[in-house]
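By letter and in written order, the chains are A, B and C; residue numbering begins at 1 in each of them.
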């Protein structure tokens, strides 16, 4: 358990320095790293700039070599190579000498968090800029500044990766995360990292009932691109799914429903969270802000919910350099997020509609069932067994039954298997 | 705004002295006044006494010329010409000399409100009587009283008025108020007055989507008469409506649901009231007491709800001479009531089921839509626009969407129009 | 009222000393007593040992003549003839000399209730044992004990009794109680006693609309046996029913729902209990423990709920010798339980879907109805009458209407009859 948290933290450290954006070399190399070191079957896809995807167009690819500002006194500040947050995402290349007055409109800072470098992008409006701590900005003296950005926008492609893990049925679980954020930890290295380890675990699982579609996309434009290519199939096959984001700190658990709010994903997610942390925070659709906006859009209507730790926009370090590994994201935070999603998936795997095979209560003592029941969890008792049976009416699925009898669904797996083996239930 | 309140108050003052009842000259002249001075297209209808209307029979018409009592000492009291509440409604004509003992059973007063003249009627049992303040009644000395009532019941007709305002569709809003109360302000001059001004506003509105049926009837027998003539049509065409009563004081807002409680009228009324006065009082069907009893009767089942200020039966001045202009009903009270109903009607006019025209979120920045959005209300922001779009799934109407995103529906009119203009939604 | 409570208490006293179990002479003679003294039409049925009933087999019949233990000092303890709880139910016959160490595993006591003799059975595992107060057990000295049980298991039969009371329709109410407990009062002499008096009352009722099926069975094996013989018929005809148990003390009322929780039985039971004791305890299906486990099993799905006083397992004297007549069960406790069930049955008898026969409110004063209404209950007023009418829309049954207008359903019987007589409603 500790080991798994550390392994995830290690992957986050590996990905940390790479300059990711919605396109470009950093995005691509991050995905290549996942494929090479963790998920050999991960397939990378390139979609050319200019491709029409739903209402959008795949933008030009962004490439950065270097960026910094030289102060009047010769000091170099806002060095991209030291921290990629210093450069506004999708900045165009410039090489200019400017007065402080001219420069200042291009310097983004947060007066209320004077030590934080903010995260700013300008994907769809050509612009350039730097992000700087407010404390440092306040120290700048008048004079001539030299601004250097070696960056370009060109017709390249947008990269995304997918891993398809077939199961016994064509019913799919869609797991989506986004890989377009540069050096920030909870939002968003935690999502790709936890998703990678879920994918590894699912790959190694022999007896998958469900199929899994695990995708790593740039946020918004990436999910829109993916939907533009697969919508009909997804609508037909996806029975549940999660947008994996902000899942690496250890302060709380959070839930954001699907737009419909009553899908299988919502049901399993809230059931898991209720049992692992009763005090988890519940948001509503008005609080949405990530790829669920696309997956649950009218007419798309996929059953995608979000299990998170501290939600984007809701913790102080969000979208700044303070969202760091170690301080915000921790091994135990990642492990907790991984575990919640894993339990949700395990429940989906085992979920079914049990039907009692016998009218009235079965005569358990003649089966010798009562005393021979192994008692692992405390929920494997004769009472739990009879409780399970009484709700095995073909109208309640495993999760419904767990809710009815007020135990975590995963503590019923053994009971259900045992009843099945004893031919006391059939599975619908 | 102040002007409109004053105009309504002025109309109430004009109607105040007229002796209205469920039939008769006062009812007729009140309606004539509305037609002459405010609503030229108002159509007056006369239904002969004796006409069978559902389970009822239109009663004889009541005519009063004068009424008073002469005390043993020659003082004249209970003068009808000074206050028409002194005479029990539908009193028969009498000219009698009586001892105080004989008289006292015909004198109605309220011991707990000793200065109030109560409002009493005896429509369906032939009787006579006077209403008097308890304080005055207590002062009466033994002796012979002369009672004089110059009134008669005769085969005449019951009068009601209707104004039909056609719209683009045959879907109708029914607005009903009652005009059978003599000189009392909140119950019931406020209803006819506010209804008159709603009718004026609706008449002047050029682009009516809905049709409006605005009726001024005597309570109970009038609504029953109206239903007996129009029930089939109403059942087919009325999609919403309001019984307008007790809408002129400034102390609170009140809501009485339709019997079904979940009609469009209920939805729009509660939405309006929640946003104009969160602390509005909610009654239930057990508290009904006006024409909704007929409109929502089993088998009639029209979607009629009541938006009120202080509800009949729930304020101390109710059904007494204390329910007066100035003290109870005020220009601002009338204006508040008018505004609540106007907003409800505006919502009904704009109500529709928007459907997003694009899969996934539209690419707003390419449309230049974000920055050019006018920001009038604070709810015309990009966030509101995206919130509106996300619920434009053809299953939520405008009011549902407003509820979902927790803003007043009327603050979404511009957003909806803009989305429509941009072809981002179609209207179902 | 006091008399009826006393009569029931008297029957409980008559049945008290008999040694009942799930089969055997005590069960049979208890039922014979009911037939002979109270319910001449009660039919006793015998089902041979070994008969397959659903998943179960009717067990051998148990017969006991005597049982006791002789202490080393010659004292006789655990005398079956003094208290039949001393002998573990279904104990096999033995005649042994044992050391205290060997004996002690066969002696059941309750350390936390040192004066109580517990109630223990071993129906399906051959065993023997005695129940003893913990205080007495602690006093036993080492030495040789002589254990004597003159009991045998043999191929006999299981006995149950049924009383069928036909009504005007084939719609049935199933009333089930169990008669397999030896000398304990609330659980379970109260159930058979109250059921007997309900049966007497129903037998004497001339105008039964519904049919009644009243059964006295041993718990679990008896209800399973009954279901195995009648399931198809019951599923087709039973519209409501109650498992009658723990209905004789005067401390509280309790409700256990059917598994579906929304049957007619649940509706009528909660309505009755809300009006006779607002503070009644509500349990849920997880708290079940009696024959509803069979009647509401998946695939059986009969609408059986439980109206109780102090529920089994929830009062300190439960399943011990402390559950006694006089201390726990009282005449007033039995009377309260009887009354709750009687009211529920009366409501079921009168229940129907009234439909207003007139559009709009009827003109009551022309019928002279208002003043001539008898005012017995305070709920027979004109307001109640109009309230009843407004909900007579064919979608609300009598119980729904009572809930809507917040009065006990039984106070509406006269109103409904009067409206029916006046042809203001028809009955669906």
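Basically, a contact is a pair of C-beta atoms (placed from the backbone, for glycine too) under 8 Å apart; a residue touches a chain by one contact, two chains touch by 3 or more.
Here the structure is a predicted model, which means the values were calculated and not measured.
Visitor: Just to be sure I understand the contacts, which chains border both subunit C and subunit B?
Guide: A chain counts here if it touches both subunit B and subunit C, which gives A.
Visitor: Regarding the subunit A and subunit B pair, does the interface count as same (over half of residue numbers shared) or different (under half shared)?
Guide: Mostly different residues form this interface, as fewer than half of the numbers used are common to both chains.
Visitor: For subunit A and subunit B, what's the span in angstrom between their mean Cα positions?
Guide: 56
Visitor: What are the residue numbers in subunit C that touch two or more other chains?
Guide: Correct list: empty.
Visitor: Of all residues in subunit B, which touch subunit A in the complex?
Guide: 355-356, 358-363, 365-366, 386-387, 389-394, 404-406
Visitor: Which of the residues in subunit C end up touching subunit A in this complex?
Guide: Residues of subunit C touching subunit A: 54-57, 124-125, 220, 223-224, 227, 231, 259, 285-286, 288, 293-294, 296-301.
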